[in-house]
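In the two assemblies presented below, chain A is common to both, partnered first by chain B and then by chain C.
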Partner chain A sequence: MPKQVTVRLTEVAKSFGETRALKKCNFEACSGEVHAIVGENGSGKSTMAKIMSGVLNADAGEALILNERILTPLDAKRIGLATIFQEVLVADEASVLDNLYVGCDSFFSMRTSTEERAREAQALLDRLVGHPMDLKATVGDLPLSVKQWIVIARAILRRPKVLILDESSAALDLDATLRLHEEIDRLRATGSTVIIVTHRIAELVRIADRATVLRDGVTVGQLQKHEITEANLLALMTPADRRLSEAANTSGRASQGDRTIVLKASDMIAQRGGAPFNFTLEAGSIVGVAGLDGQGQDAFLRAVARILAPFGGDVHIRSEDGNEMAAVHSLLDAARLGIVYVSGDRKREGIFPQQSIFENLAIGIYRRNLGPCGVIRKSELRKTFAREVDRFRVKMGSSQNRITSLSGGNQQKILIGRAFANDPRVIILNDPARGVDLGTKRDLYRELRAFADRGGAVIYLSSEIEEFLGFADRVDVFHGGSVFRSLRAHEIEEEAILAAMFGQSKAEIVEFTTERKVH
Partner chain B sequence: MSLRKSLSVLAQDRSLFVPAALFAALIIGVLLLSPRLFTVNGLAGAILVATPLILTTLALTPIVMAGRGSVDLSVGPLLGFINVTLISWLVGNGITSPFAVIAWVVCLGAAYQLMQALIIIYVRIAPIIVTLASFLILSGLNLMVMSRPEGVAPDWMLSWGAGTSIFSPVLLLLVAAFAIWAIMRRTSFYSHLRMTGADERMAYTSGVQVDLIRIVAHVLGGVFVGLAALSYTALISSGDPTQGSTYTLQAVTALVLGGANLAGGRGGAVGSTLGAINMFLISYLLSTFSFGTVSGFVTQMAFGLILVGSLLVNVFLIRRQAAN
Partner chain C sequence: MTTTVTASPSTSTARSNNLQFQRSIVIGFGLLVVLLIAGAILVPGFISLRNARSILLLAAFLGLASLGQTFCALVGALDLSIPYLIGAANILFPSLLVAGLPAWLAVIVVIILGAVVGSANGILSFRLQGQALIMSLGVGFAIVGAVQIYTSLGTQFGGTVFAPIPAWLRNISAFNGTFLGLPIPPVVVIWLAVVGFTIWGLHNTWFGRSIYAVGGSRTAAARLGISEFSVWTAIHAISGAMSAFAGVLLLGFSGGGFVGVGDPYLFTTVAAVVIGGTSLLGGVGGYGATVLGVLVLTVLTSLLVGLGLDFPAQQAIIGLLIIPMVAIYARSPHIRNQI
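Entry: the complex of A and B
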């Protein structure tokens, strides 16, 4: 089959307000190939996928799919492009079958009969999910993993000429990922173009024919199949200055001397069905928490901060005088005993978008700055505010401006300042560096290390493995709802963490990544 | 067979469980307290009185199903507007042919809703604001067209309001409305409508023309308002500038009683009709007791209590289901 260019992006740029998500993006994919788009978080991969599928339109440059311009998802559907988005987009109220065939019809008339659809859908879902499915079931009652399959099946049922998968395997386990890969192979064999957007290197090494690498909104290189190796990819993904700076940024580990335990979680069951596990946090240490999405690490952090009650087990923290361990039973306990939680999901769990920068930082400390009759002592708050703004070098205009006037990184600094203002003893950060620039990250690492050196303790969840390197004193990797492996300082390296995230030893992951290259 | 099928639909769609159970309970209540309803005269009267509410609720249904919390508050005054313009502009000027009258009510309803939909979608104002403004504007406009109840319905319509035969033209209106719904249900527009209401982003990214779906939902609602206005005119045999407005809140109540989700995605003709009939039965049942001059207030209060009660039952049922 002669290869034709099916997707072509020329000099595409896209901005969201201040943020330039894509600066200069050139891309080309052919029929009958699996083409990967790789890059770190925030490098513009998802924006690129959204432009290709017509959800977003480019500010500059040209995006052609099968020689046509795509302006809306309807255009995309018409010419045979299907996209599986990062979010699991399903209608909870409707049946599985309705969810699978949404948008398949023209405005009033149906293209195929319901019976035909049911047969086709049943065959595909049985193959994908691995167990028989009831097509009449209401989607809202189904677990997340099945919803994910519904979204994937919806796209495959369109028999797309171009299929885009935007981080779609995130919620799938290894076995399921392999089934998805089989399906991708099948589509490639029929001459379709499959574009996978991912930051899971192992996955793309296994399946991609070509890979395009994005860095800070610019396409920096294209690799042919034989060139797709972890080393090549990492070299392209990481800018040279950054590698240097990260080495320089190694802020030193905790001193080996005093190792009193400040926080202890025993027999924790963070996620339904997870095995119970223990967790300890020593004074002066920074513990990294990693895992693929939905493996219980997020629930664990919330349980320790008591934002959610765990399914089992309890959390104890050393009391202020250091002699006994006090149980943490509620959010109020956590706050009283000096545990603070910082979310990386700024929009939903962080900022108050209608409030000023000042109020956003001060909201957590009103209670401890009350004068007579409960009147808030503004002058104290201003001092704290100035201290935290200074500490994190927040770039801002007036403190009375709305917080949304700040860039994402500066918003995050304010939120972390809110946590510091509470004089905590344990800081729990849930992926705080998501969508944050390098300078902010560096400030954050430095301050967290300083905090630990003063005797505090940090739990740091990140979805980017690189963040732990040279920073964490220990990394606990979650898999299947509990800690799968706990890596000591000298063991912390990219492959080891990645392997543990997949629930495998390091040797196995190397095999996984090379399996395809052998063929 | 068809009964069996409809029963299985009831069993599957749990949102219909509460309205159906309430319906059964109310029927038993009526049988015990006032079996007169089940005579020819009783049923004919019931159909006559309940039809405007059923049709108004049906008009709200597609609009609410399309989501974005767009409960159309203007349906009541719009019904009144169609009623008063029909009486004073058409009949007042000697235009009484059935064809002209039906064309007027349907087109006016559809045109008004089309305009409203365009404002909501393209000017991007929250539906609740647009329809609230509509409610106020139309309420005033109705009084400008006709300052007090007056006028007479066309001659051919007078017999409709007699309420002596079950198979009256009013029942025909109801059947026509259901037929429109049944046809609509068989098109892909219906599934697109539900998907849009359930998750607009999902529908949009799947290539559903979300805006167009919304517009058609409104226009369909407008057609039903037109039919409702026609049945209302038959019921009162004249024009009334103020009474129409009361249908807004009644229809919203009936809609929720029928198991629709005001946030969109869930609802249907069966539920809405059941909800509206339940409203009628409640007031009918209450009228058998003598509350004297306060009976109107008691009815309102009963609507409110039953609404809250049915929502509570629904919540517990769904929780129980989710727990299993």
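Entry: the complex of A and C
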């Protein structure tokens, strides 16, 4: 099949008020190829994907899909372009089947029969999810990962000529990602164009035929298959002044001296039916927390921060003077005793979308700056705000702009700044780097390490194993509701963590992954 | 601000994304000016000290009654019990006077009762959030009914309660009332003080910021240890107290307790909030905006009365005003303009 250009963007620009999301974007993708768009957060990847799908229109330049201009999502659907967005967009009350075919019919008639649909959907979904699915099940009752599959399957069922995946594998674990790749291969073989927007470098090295790199709204380069390496991508993505080799691996661990325990959880039952376990956190240490979806690690973090009460057990933190352990019974106890919680789900439980950037950070420290009758003392706030913005190199316009004018990574920096502004003693982070670019991650690792070196302690949950390497002093891997294995610094490596996540020894997992790769 | 770390592409950073809200303020002012000009041209004597005084007097009552509604709107709630609490206070207060309570004590009792009913309303509507609207309406009905039963028990007055109103209360709310010798009804001065304090408080106190936080994102607020329940209860209590207060002041204005005195405030308190530009979905707006909405509504009513329109025509026109207002501000920016 001769390759033809299916997607072409020429000199595309797009601004949102003062924020210039895309400045100059040139892009070209062909039929039968997997083309990755890579860049840090705020580099304009998602904007680019939205322009291709007709959700946004370019301010300048031209975007042609299959030689047509796309102005609305409806146009995109008509010519055979499907997009899987970052958000998991499902109707919770409807059945799996209805969710898969939503929007397929005209108002009065159905295009295909229900039986035909069910057959087609069943085959695809079983293949994606990896086990037989009930199409009549209500989507709201299904786990997040299955919802993600529904969104993916919905797009694939349209038999798209162009498929755009915008960070769609973020919620998928390793095994699932491999199944997704098989599906992408299948589409490529039928001559479709697959465009992947991602920051998971490992993923695109494996699957992409070509990669286009975006930096600050400008397409800075295109790599062919053999050129797609981690080093090349990073070199293109990072501006020259930041091209330092200060990645996670070099942030360095603190010296292993004798350490006092700052936080202790005893006889914890984080998840219904989980076995009780103990957990200790030493001053100056960064403890990683890992696990497959729903193995209790998330509930454990919430229990320590007292967002939810655990099913059993209690949490103690060393008092400020260091002599006794104080019990943490409520969220306010936790805040008073210096425990802060940062969520990776910033849209839902982090930001106040209608408030300014300043307000979004300051809201976390008003309580520490109250005079009589709850009057806020503002003088300190400005200083603290400036300090945190500086610390995390937040890229922003006026501090009075709404927080939503920032890119996702910068929003997250403001939220982490909110946590730091409280001068905490223990920082609990629940997958904070989800959907965040490399630069932000580096800044985050650096600051967390500095925090630990000053005597603080960090609990860091991540869904990406790579994050722990060279960063965490210990990784507690959860399986079946409690800590399955606690890995010391010298034992922290990808295979070992992965093995523990599956509740297995390291040897077995090495075999498992090599087998999958051969596939 | 000196907090810009990387050079921002455009230096006119003062133009903020709160444009949406600022625009509603500009439109409100524009509307007010247009109405005043129209009044000056069409109605003889519209721009006069006399008329200004009567507009401000009526605006003060509406403004005080709208304070609670603004707070409720800021967290995404609506308090439909306001008109009934006004009516209930309006007949309860004189009957307490008849029962022999000193006037100052009766005022305090009525306001406290208003706050208690308000917080009960807040607790109930918080527990049953899907039905919060009908819940506040139900609480209002129950209270006004109860007070009517109480007031008609001891007296033969029924719906209207007569009692000797203290002269100071008459002076506060009367059209020809004076404040420190100036020809300004004291209720206007009270209102202005409340306006100043509320606007300042919303921005400079923990309670004020908590209201915006809960209205903006209840989950994010909960993570910061802000109790949605406390905020919700407190603002309903304030709303109840302000309604009761407005009911007492209206008695000084009208001279006789009448249970239906609050009825117009069902629509006008919500309308003032919406015209001012506070989103009924929560998180955006403020009392300053509502003050603007109150003035627009009152000036418009005065203009329509001056033009000789009867009550149904006034109602129709004010009703129609709401549609373009909602269309202008209540929309969130289109997805194309969001990141």
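Assume the second predicted complex is superposed on the first by the 267 of 519 C-alpha atoms of A that agree within 3 Å, B and C clash if a C-alpha of one lies under 4 Å from a C-alpha of the other, contacts with A are read in each partner's own complex, and residues count from 1 in each chain.
The rule is short, and it goes like this: a contact is a pair of C-beta atoms (placed from the backbone, for glycine too) under 8 Å apart; a residue touches a chain by one contact, two chains touch by 3 or more.
These numbers were taken from a predicted model, which means no experiment stands behind them.
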Partner chain in contact with A:S53 - chain B first, chain C second, else both or neither: first
First, second, both or neither for A:F85, with chain B first and chain C second: first
Partner chain in contact with A:F468 - chain B first, chain C second, else both or neither: neither
Per-residue touch tally on chain A - higher for chain B or for chain C: C
Touched partner set for A:F16, first chain B, second chain C, both or neither: second
Partner chain(s) touched by A:F420 [first = chain B, second = chain C, both, neither]: neither
Partner chain in contact with A:I351 - chain B first, chain C second, else both or neither: second
Partner chain(s) touched by A:F502 [first = chain B, second = chain C, both, neither]: neither
Which superposed partner A:S407 touches (first chain B, second chain C, both, neither): second
Overlapping contact positions on chain A, where the chain C interface meets the chain B interface: 55
Partner chain C, residues of chain A touching it in the complex: 16-21, 47, 55-57, 307, 331-332, 335, 341, 343, 348-356, 359, 363-364, 366-367, 370, 373-376, 378, 385-386, 389-390, 393-402, 404-407
Contact footprint of chain A on chain C as seen in their complex: 1-6, 8-10, 12-18, 204-207, 209, 212-213, 216-217, 219-225, 283-284, 335-339
Interface residues, chain A side, partner chain B - complex: 53, 55, 72-74, 76-78, 83, 85, 87, 89-94, 98-99, 101-103, 105-110, 136, 141, 154
Complex contacts: residues of chain B adjacent to chain A: 12, 187-189, 191-192, 194-195, 197-199, 201-209, 212, 261, 265-266, 321-322
